[in-house]
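Each chain carries a letter (A, B and C) given by its place in the written order, and its residues are counted from 1.
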Amino acid sequence: MLDFSVLPPYADLLATGALWTVLITVLAGALSVVLGVLLALVTLYGPKLISLPLRGIAFLFMGTPLLLQLYLLYYGLAQLGVLLPAFWTGVMGLGVHYAVYNADIFRSAIQSVDEGQMEAARSLGFGRTAALRHFIIPQATLTALPQVGNNSIILLKDTAVLSVLGVAELVLNAQRGISATYRPFEFYFAVAVLYYLLNLAMEWALGRAARKAEAIR
Amino acid sequence: MTSAAPMIRLRGIRKSYGSHEVLKGIDLDVDQGRIVSIIGPSGSGKSTLLRSVNMLEEISHGEIWLDGVQVNSALTGRAFETHINRIRQQMGMVFQQFNLFPHLTALENVSIAPMKLKGKSKAEAEALARTLLEKVGLADKGGAYPARLSGGQKQRVAIARALAMQPKAMLFDEATSALDPELVDEVNLVMKQLAAEQMTMIIVTHEMRFAAEVSDHVLFMDGGVVVEQGPPEQVLKAPTQERTRGFLRKHLAQ
Amino acid sequence: MDVALIQRIAPFILEAALKTMQLAAASLAIGLAAAVALVAARMSRQAIWRGLSAAYVSVIRGTPLLVQLFLVFFGGPQLGLNLTPFQAGAITMGLNIGAYMSVGLHGAIIAVEHGQYEAARSLGFGRLDTMRLFILPQAAPLMLRTLGVNTVILTKGTALASTIGVVELTYSAQRFVTSTYKPFEVFAAAGIAYLIIILAIMLGIRGLESLFGTAERGRV
């Protein structure tokens, strides 16, 4: 009934897909962290005129499905005449989606940094922005690391959704193999195994980083 | 009185939280190389006064001067920000809770301010930091993160961090209050060493013996006013005010 | 912004929203059953059950929901498993969210201080009675929170069922986009429907929480 010997000829295709999945995870993950920190800072220290609407927009992101957001971005940008490759639409959509979640984490991490840290920096003559940059944000990053890492692992799995937009990552490449062999179970099973391994690798790496961060704190 | 202006001059310092006045008009002159200790019960306003000197606390009225420059100048916005940062670079502060930067090693804690604020090279700042760590007896702890240091060691790193900006004066806010008794001496020793080097210092403390030993001048504060001040042998040994006597009696009984 | 279009498609969006809610409700029912079974196995005295539970949770949480949906719906027939899109969606998403919920529920149980367990056992209560009478009531507020969070995640996740042909909100929206070429209006309308459903769930959870909150305040 099942015949896994159909897979080896497509090993290259699957491996390439897995590489793209990793690349998307890295790019979207980096965007979600950088943008997340910026969002946290603006909503904490920015003028109310900006921070309040941003909170509202954040709720729109948290209250609707990622797939719908990706569709809106993909077809909506096209409607506006902006033709972005599906790959970059996907990276942007995933990055912004998780930036909203990461912003919450960074915000509470920044707020949890001891007030004495700001005072010590100010007493040395650092300005507010410099103090944030050199002392508060680095410490908040250590605090936020486990949760942000967790989000990055969820992001890894959500990259599968980009196949729907036509991004040639792991799932789409598997579908190419399926349309040639009509063996969906074998291919999706292999895909699941690959995701599981990527997931394990990421958990291991983040666990190591978290232990290092814990040693410093 | 010499012709030179005092290093630190406070005039008519007042501060209120809402309707509650915590500082009710304080004057103080500290000449270069002098050491002033401020004692008093908790809530007397002594820490608030110290924190006003570098404007970690904003005052409601009065004037603060450092080496002939007014600290609470009339500047506003960005200009004031630049001004106060420059002033603070010339005044070191040591906190009760150390407030070391936990994500930096001891050496980095000491070297970061000269590097980022004075534009010193990494090599230069680290050489300076090593000298200062050696001076506070922690030459071998440069690579350690604060979490790995004892309270006494942390506070000595904090002193080195403040000294790294080569300040004109040092402010100590209950520097030994959070320490286990057996760790107090190592910090006091460093402070005495600074005193011997003619560092201008204001020390808020509850250690009467240390205040008597090290200071040139002692202020006893209570309820936001200076109740009594003078040389330590007078204020601590032969106080003229009943409130001072009561405080010292209670304190020495403990 | 084409308001007339939104008015025209509103009835269809509403219908699709009902489908989304049905799918979420069916998945939730399966998910709750799976979660309870997984927690029970996780706390079993036999290592084999604990191991199986842990392995299941690890595999489910370590692979994408989309791949799980494809495996069941497209791969299932190879194993003689012929399910309608709705069935495949509800079963897969239920078994998926069940794994996540079991982690939260187990966490809520072990967050109850161990002394509570020992006190009940020292009085002579059995394992099940201890759980039922002392541990679960104390774990309830935290359990409710984790169930709420996961229900929201599940509901948003139902959008993925559109990829196996369940005619729910996202699927309908997409179909309207291809026929009208007005992606912004159509997806915005669908988004609003999702927001209303999610808000309703959050309010419902909050209502339940305030019910249980009184129980928590009574804690010593």
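General observations
Quick note on the criterion: contacts are C-beta pairs under 8 Å (C-beta built on N, C-alpha and C of every residue); 3 or more make two chains touch, one makes a residue touch a chain.
Worth saying up front: this structure is predicted, and the values here are computed from it rather than measured.
If you draw each protein chain as a dot and join the dots that touch, you get a simple line with two loose ends. Every chain gets a centre from its CA atoms, and the centre nearest the mean of all protein CA atoms is that of A. Ranked by how far their CA centres sit from the centre of chain B, the chains are topped by C.
Per-chain Cα centroids separate chain A from chain C by 22 Å. As a whole-number value, the distance joining the C-alpha centres of chain B and chain C reads 57 Å. Rounded to whole angstrom units, the spacing between the C-alpha centres of chain A and chain B is 46.
Not a single residue in chain C touches at least two other chains.
Shared contact sites, meaning residues of chain A that touch two or more other chains, are absent.
Only residues 59, 61-68, 70-71, 74-76, 78-79, 156-160, 162-163, 169-170, 173-174, 177, 181-184, 187-188, 190-191, 194-195, 198-199 of chain C touch chain A when the two sit together in their complex. Interface of chain B with chain A (complex): residues 54, 56, 81-82, 85-93, 95, 97-103, 112-113, 116-117, 145, 147, 158, 161-162, 165. Those residues of chain A lying in contact with chain C across their complex are 1-2, 59-60, 63-68, 71-72, 75-76, 78-79, 157-161, 163-164, 171, 178, 183-186, 188-189, 191-192, 195-196, 199-200. For chain A in complex with chain B, the touching residues are 114, 116-117, 119-128, 130, 134-135, 138-139, 142, 215-217.
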